[in-house]
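There are structures below to look over.
In what follows, chain A forms one complex with chain B and a second complex with chain C.
So, the complex of A and B:
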C-alpha cells in the first residue's frame, strides 16, 4: 500500500513539474516572438497542454473523489474555450491591423459587417480597403 | 501532504511567471497582445487555485477555479468584440463623412457624425 502511495505521489509531482515546464516555455515563447499571431502559438500551448498536464497531475495526487471530477471538468471546458478565444483574438488582430500583409500572407481578407442607423449594410473587407 | 515544500516552490515559480505575463501585458504594442497576456494570466491563476485546493484539502476552491475559467473566457470574448466594434465604427464614420463630402462637392469644415470614436 505504501508503494502505491509513493507511486501516486511521484507520478503526480512529475506531471505537475511537466506542466510547470510547459508554462515556462510558454512565457519564454511569448517574449521571444515579435508578432501577435506568432505569440498566440506559444500562448495557446500553455492554455491546453500546460493546464491539462498540471491538472492531470493534481487529479493523480488527489485520488478518486469529487475534486478530481471537477478538475476534469475544468480541463474539458478549457479545451473547448481556448480555441474559440484564440480565434477571436486572431480575428481582432486581422480586422484592426491595416498592414497585415507585412506580417503574413492574406488571400481573401477578413469580412466584417457594419450597419448604419438606416440598417443599410456597409461591408468592409481588407481587400476593399486596399483598393481605395 | 508529506512534502509541502514542492508545492510551495511550484507556487513561487508560477507567481514569477505571472509577473512576467503582467510585464507582457503592459509592454504589448497591440491590443491583441494585451488580450493574449491577460488570457495567459488567467490560465496560470487557474493552475494556482487548483494547486491550492489540493494543497489545503479544500474541494470548494475548484468551484472558484471553474467560475474563473468561465469569466476569463467571457472577458476575452467581450474585449475582442468591443475593440473590433469601436474600430469598425470609426472606419464607418470616416467613410460616411467622406461620402458626404463627395456628395456636396466641397469639403466641409464642420465635424459631423459625432466626431471620432
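So, the complex of A and C:
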C-alpha cells in the first residue's frame, strides 16, 4: 500500500510542477511580447494547459473523492470559458486594428459578418490596401 | 406701515434673486461673460511637420542612452531604487509578521467571549451548520440588512446618473447602445454556443450556493454574484431583446422591493420576539437538513436575489442606460 501512496505522491507532484512550469512560461510570455495577439497566445497557454495539468496533479494528490470531482468540473468549466473569451478578444482585435498586416499575415483582409437592426446581414471587409 | 410691492420691485429684492439663483432660473454668467468663438481651424502643414520632427528629435535625444548621461544615470538610479524599496518593504513586512501573536494562542485578542459564544451556542441558537451564515443572518442580521440596502441604494444612484429615458430618435437608449458596441462582435456563434452550455451550469451552481448557505460555505452574497454573472454572460451572448423578455425594470423593482421588505418584516418579527422572550413559532428543524435553521434559508434567498439583480442592473445601466 505504501508503494501506491508514494507513486500517487510522485505523479501528483510531477503534474503540479509541470503546471507551474507552464505558468512560468506564460508569465514570461505575457510580459515579453508587445502585441496583443502574441500576449493572448501566451496567456491562453496558462489558462488551459497550465491550469489543467495543475488540477490533474491536485486530483491525483487528493485521491478518489468529492473534491476531485469538483476539481474536474473546474477543468471542464475553464476549458469551456477560456477559449471563448480568447476568441472574442482576438475577433475584436482583428476587426478594429487597421494595421493588422504589420503584425501578422493577412491574405485577403478581414471579413466580418454583422447584422443591422432589421436582421439584415452586412458584410464588412477590411482590406490591407485600403488603409495606407 | 406696509405697502404693496410691484412685481418689478419684488423681483429686484436680494432674497428673491438668491432664490432664483438657487433654483437655477437665473444664470449668473449669462450676458456677463464675453465668449469668443473660435474660427475654423486650418492646420498649417509645414508647422505640423516641423512640430512632429521636433518631437521625434526630442525623443531620440532624450532616450539616447549612449550619449545622454543624465538619462542613463536616471535609468540606473531608478532600477536600483526600485530594488532597494522592494527589499526594504519585504524586510519591514517580515519583521512585522514576526511580532504578530501566534495563531491559535489562547491569549490572542481575537479569542474573547464573543467568538466563544458563537462557536459554542451557534448551532443550538440558529440551527445553521455553517457558523458564519448563522452569525451574519441571525446574530447580526440587521447588519446584513443594511448591506443589502446599500446595494439597493447604489443601484438607485447609478440609475439617477446613467438613466436614458428616450425611446426613439437620436440619443435614444437603443441607438446609444448600438453606437457604443459598434465594433463588438454581435451574435457571435461561438460565444452563443459557450453561453448555451455555461449559463445553465452557472445558474444551477449559484442556486446551489444560495440554498446550501446554512450548510456549507457560501450564502446569499456569493451565490447572488454568481447568478448575476450568469445573467451578464447571457446578455452579452444574446443581446437585450432576449433578456428583456424576462428581466425588465419592473422585474427589478418587484424582486428588489419584495426581497428587502420580506427581509425587514421577518427579521423585525424575530428580533421583537427574541427581545421579549416570546415564542417566535419558527421551527429550527434538524441541523444539516436542507430545510432547517428557521429564517436563515429565506433570508439567504432574499439577499441572493438582491445581489443578482444589483449586478445585472449595474451592467445594464452602464451598457445601455436602462433595462
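Here is the rule we go by: the second predicted complex is superposed on the first by the 108 of 132 C-alpha atoms of A that agree within 3 Å, B and C clash if a C-alpha of one lies under 4 Å from a C-alpha of the other, contacts with A are read in each partner's own complex, and residues count from 1 in each chain.
Quick note on the criterion: a residue touches a chain if its C-beta (ideal position, glycine included) is under 8 Å from a C-beta of that chain, and two chains touch if they have at least 3 such contacts.
Predicted, not measured: the structure shown is a model, and the values here were computed from it.
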| item | value |
| --- | --- |
| First, second, both or neither for A:96, with chain B first and chain C second | both |
| Which superposed partner A:26 touches (first chain B, second chain C, both, neither) | first |
| Contacts of A:77 with chain B and chain C, given as first, second, both or neither | both |
| Which of chain B and chain C A:88 touches, first, second, both or neither | both |
| Which superposed partner A:17 touches (first chain B, second chain C, both, neither) | first |
| Dominant contact partner of chain A by residue count, chain C or chain B | B |
| Chain A residues contacted in one complex by chain B, in the other by chain C | 77, 81, 84, 88, 91-92, 95-96, 114 |
| Chain A residues touching chain B - in the complex, by the definition given at the top | 9, 13, 16-17, 19-20, 23-24, 26-27, 30-31, 36, 39-40, 43, 46-47, 50-51, 54-55, 58, 61-62, 65-67, 70-71, 73-74, 77-78, 81, 84-85, 88-93, 95-97, 112, 114, 116, 122, 124 |
| Contact set on chain C toward chain A in their complex | 178, 183-188, 190-191, 194, 197-198, 201 |
| Touching residues on chain A, where the partner in the complex is chain C | 77, 80-81, 84, 87-88, 91-92, 95-96, 114-115, 117 |
| Complex contacts: residues of chain B adjacent to chain A | 2-3, 6, 10, 13-14, 17, 20-21, 24, 28, 30-33, 35-37, 39-40, 43-44, 46-47, 50-51, 53-54, 59, 62-63, 65-66, 69-70, 73, 76-77, 80-81, 83-84, 87-89, 91-92, 95-96 |
